[in-house]
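Right, one structure below, let's go through it.
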Amino acid sequence: MKDLIDFTTMDPKEIIARRVAMEIQPKSLVNLGIGIPTLVSDHLDEGMGVFFQAENGAVGMGHRPPEGMTDRHLTDAGGSFVSAVPGASTIDSAFSFGLIRGGHLDLTVLGGLQVDAQGHLANWMIPGQFVPGMGGAMDLVTGAKKVIVAMIHSAKGKSKIVQTCDLPLTSQRRVNLIVTEMAVMEPRDDGLYLLETGPGISVDEVVAATDATLVIDGDIPEMDLSRSV
Amino acid sequence: MKDLIDFTTMDPKEIIARRVAMEIQPKSLVNLGIGIPTLVSDHLDEGMGVFFQAENGAVGMGHRPPEGMTDRHLTDAGGSFVSAVPGASTIDSAFSFGLIRGGHLDLTVLGGLQVDAQGHLANWMIPGQFVPGMGGAMDLVTGAKKVIVAMIHSAKGKSKIVQTCDLPLTSQRRVNLIVTEMAVMEPRDDGLYLLETGPGISVDEVVAATDATLVIDGDIPEMDLSRSV
Amino acid sequence: MHLAISLDEVVEMIPDGARVMLSGFMGVGTPDGIVRALAASGKKDLTMIVNDAARPHCGVGPLVKAGCVKKFIGSHIGVNPDVQEQMRAGVLEVELVPQGTLVERIRAGGMGLGGVLTPTGLGTLIAEGKPTVEVEGKTYLLETPLRADFALIAARSCDYVGNLTYMLTATNFNPIMALAADVVIAEPEEIVPVGVIPPDSVKTPGVLVDHVIKRAA
Amino acid sequence: MHLAISLDEVVEMIPDGARVMLSGFMGVGTPDGIVRALAASGKKDLTMIVNDAARPHCGVGPLVKAGCVKKFIGSHIGVNPDVQEQMRAGVLEVELVPQGTLVERIRAGGMGLGGVLTPTGLGTLIAEGKPTVEVEGKTYLLETPLRADFALIAARSCDYVGNLTYMLTATNFNPIMALAADVVIAEPEEIVPVGVIPPDSVKTPGVLVDHVIKRAA
């Protein structure tokens, strides 16, 4: 029945979440940031044995419980109610960041304000305008085995993919993959590679919407969102 | 009835343990080393609320349980069976040494191979002869709020109180008090003060048995071991 | 046995200008009774060390709203408009610290370590003015230990020895802050008889806790 | 779900010359089944990172007695005559590390920190050849992180996610070593169904554990 879904009319955030979900390995430990990254878990089969971790010490978070079954002692890093999957554990903040910084986290998916052609992410402050703070993002980007940035391609008509970030960086580490509703991009030593285009989007449209030089190597396929994860 | 005890015939180890016990404050957290220090707890009133801690993660150790009631998961730092007092807790080794190094331990009582006039303790190796290792002693001496060395005054006819240690030091920290069966001594900026003599021991006898210069300031009292602790 | 005290006594104990650690993560695991009492008392010039600024009604929020806070040291302030506003107005100083660095600096302060060597923050604004140390060919940022005059923490259960347990994600900074202040005050949800908490369930041994908040009469 | 394996498979997995962390304190909290199997297999040239040398019959003792160990890194060897003898004979290299430094170095290796800044050992033999770092006017010894190829640990309970609990003073180095090796193998006293261990009772989350030893048939 999957063939019947028209991905070109899918909500851009869902396109991103669904594409990111395809990157998740069975049995891995994954941290999902607030916003679009949070949606990723909806696109995963629970039988994969993936454990979702949050900075506040949850290992094995599940969906928000039904009304009346929430508990104020069990929340995600945004303070929203979650449940515990079978085999879940809870740890203190020092241990939680030990997992993150010590290379025990297989994947983190974060939102971004900017990512540049070198794969540098900026996502914690806009000087003179708004300073949310880095929370756990600097540790996550520095420590996770794999970092995926998941975000809408542009904000207020401006590309969030830039040649060099002018916002303060989150880490000097190069992220592994950038997923937007228009493109999947991978920063490598010799440039920012365009790997896939979004549903119904042409390579030219991606190039036009992107303020960074993209390396386009051969035929660029469209995201195959019909693939089961 | 205490008056009837003749302390001059008391076992030297018991004299030391009893005198050290008088230094212990109510409700304090105390670490007792192997050997003579272990005997100290026998001389304390349980109503004092003292918690005994061991390097292996026990906080609130009690005496060895009766035969048949021991458990191989509950031991002291020497591997001997102990019990848990009401309110006891067990922590991992990193936490245990956090308590020790972080200044949360009120007192540690350790044995020694040598202590010198500067208050330096040596208790972890005799080069070329025997190398037991420092275990937790270096952390204990460096981190505890108060350090008492409890040991027999001499070994094989040689004073263990020396002018300057020739054995490798345990810490550069000056210990607070030295208690032997012959004397109570306190290392200060201007020398090693003799504070008390052992039961039936004269000042001259202490001086003769000690290979360090003792500061003798006024009349030196005899240990009052009849005091209730 | 540790002294159970009232919220009024806590208010009396903490002077204006104190340096205070406050536990909690987005207000979860924060000692809310203590926060409300301090906010109502009109304390001034507090330095608050806390993971995040939470929201105006929870976590450190009520203290910020009441104007009690001179300086905030933490990792996230994005969903508390009071903090953003007071920061822009120049009445609240904000020092941002990456979360993993923050908790490890507190742990170092509590465990007698001289600092934290972390890769986090290298090559970013956070590294400016800080020394780096090279170990086995890798470079790390040297971050200093953090301590406070008071740690205000929230617990699930407490006994009269002061042993504490925490519940699920309300654990967060609580056991770490309990190590790193001159005076540690815990607000438990329940106080149970000594001996009721199994030794392996204790997350903070009572020897670290100075005071617990009395049960309501 | 983690793969439950046999002792034979553990023996096969660990090569001669491996760098191995072994938990336990005077043999309490050591995975004795794994130790016996490795000793019987005649492994060679192991580097063992372990708190103490225990006694000949427990802890790392059987491995030393069987001549499997080339290098011992730990804090105490005073009650194992085999270690003293092999050390004097020059067939066993011993590196002594203060206990609090040892556990913190392992934690640093497991938690992505660049080292440990400790006052312990300053002004002693232990400080020789090691850099010192000054922080806020105090001097600390810089000790490097420790990691291993394998961590062999003992648990009280384990579920098939790999979540572990420990019991009383058998906890000691277990949860710390579980952080700091490429392959972590746990020998539990019992294996229980997933969901039986409450989240707050888990001391080592299963994500850190690679293998657990099968129940005997």
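Read from first to last, the chains carry the letters A, B, C and D; within each, the first residue is number 1.
Heads up, the rule we're going with is that a contact is a pair of C-beta atoms (placed from the backbone, for glycine too) under 8 Å apart; a residue touches a chain by one contact, two chains touch by 3 or more.
Fair warning: this is a prediction, and the values are worked out from it, not measured in the lab.
*Asks:* What are the mutual neighbours of chain A and chain C in this structure?
*Replies:* D
*Asks:* Considering B-C alongside B-D, which chain pair is linked by more C-beta pairs in contact?
*Replies:* B-D
*Asks:* Tell me which chain's centre, taken as the mean of its C-alpha atoms, is farthest from chain B.
*Replies:* Farthest chain from chain B, going by C-alpha centroids: A.
*Asks:* With chain centres taken as the means of their Cα atoms, state the distance from chain B to chain D in Å.
*Replies:* 30
*Asks:* Measuring centre to centre with CA averages, how many angstrom lie between chain A and chain D?
*Replies:* 36
*Asks:* Please compute the C-alpha centroid of chain A, do the same for chain B, then give the distance between them in whole Å.
*Replies:* Chain centres of chain A and chain B, defined by C-alpha means, are spaced 57 Å apart.
*Asks:* What residues in chain C touch two or more of the other chains?
*Replies:* In chain C, residues 104, 107, 112-113, 118-119, 166-168, 171, 199-200 touch at least two other chains, as defined above.
*Asks:* What positions in chain B touch 2 or more of the other chains?
*Replies:* Counting only residues that touch two or more other chains, chain B contributes 84, 90-91, 97, 100-101, 143.
*Asks:* Examine which chains touch each other and state the graph shape they make (line, ring, star, complete, other).
*Replies:* other
*Asks:* Name the touching chain pairs, please: which are they?
*Replies:* After working through each pair, the chains in contact turn out to be A-C, A-D, B-C, B-D, C-D.
*Asks:* Can you check the complex and tell me which residues of chain D touch chain B?
*Replies:* Touching chain B from chain D are residues 25-29, 51-52, 54-55, 74-79, 84, 87, 94, 96, 98-101, 103-104, 107, 118-126, 156, 166-176, 203.
*Asks:* State the interface residues of chain C toward chain B in the complex, per the touch definition above.
*Replies:* For this pair, the touching residues of chain C are 1, 107, 110-113, 159, 161, 163, 179, 194-195, 197, 199-200, 202, 205-208.
*Asks:* What part of chain A is in contact with chain C in the complex they form?
*Replies:* 54-58, 71-79, 84, 90-94, 96-97, 100-101, 124, 130-139, 142-143, 168-172
*Asks:* Which residues of chain C touch chain D in the complex?
*Replies:* 104, 108, 112-119, 133, 135-136, 138, 140, 142, 144-145, 165-168, 171, 199-201
*Asks:* For chain B, which residues are in contact with chain C within the complex?
*Replies:* 27, 29, 49, 51, 53, 59-60, 84, 86-91, 97-104, 143
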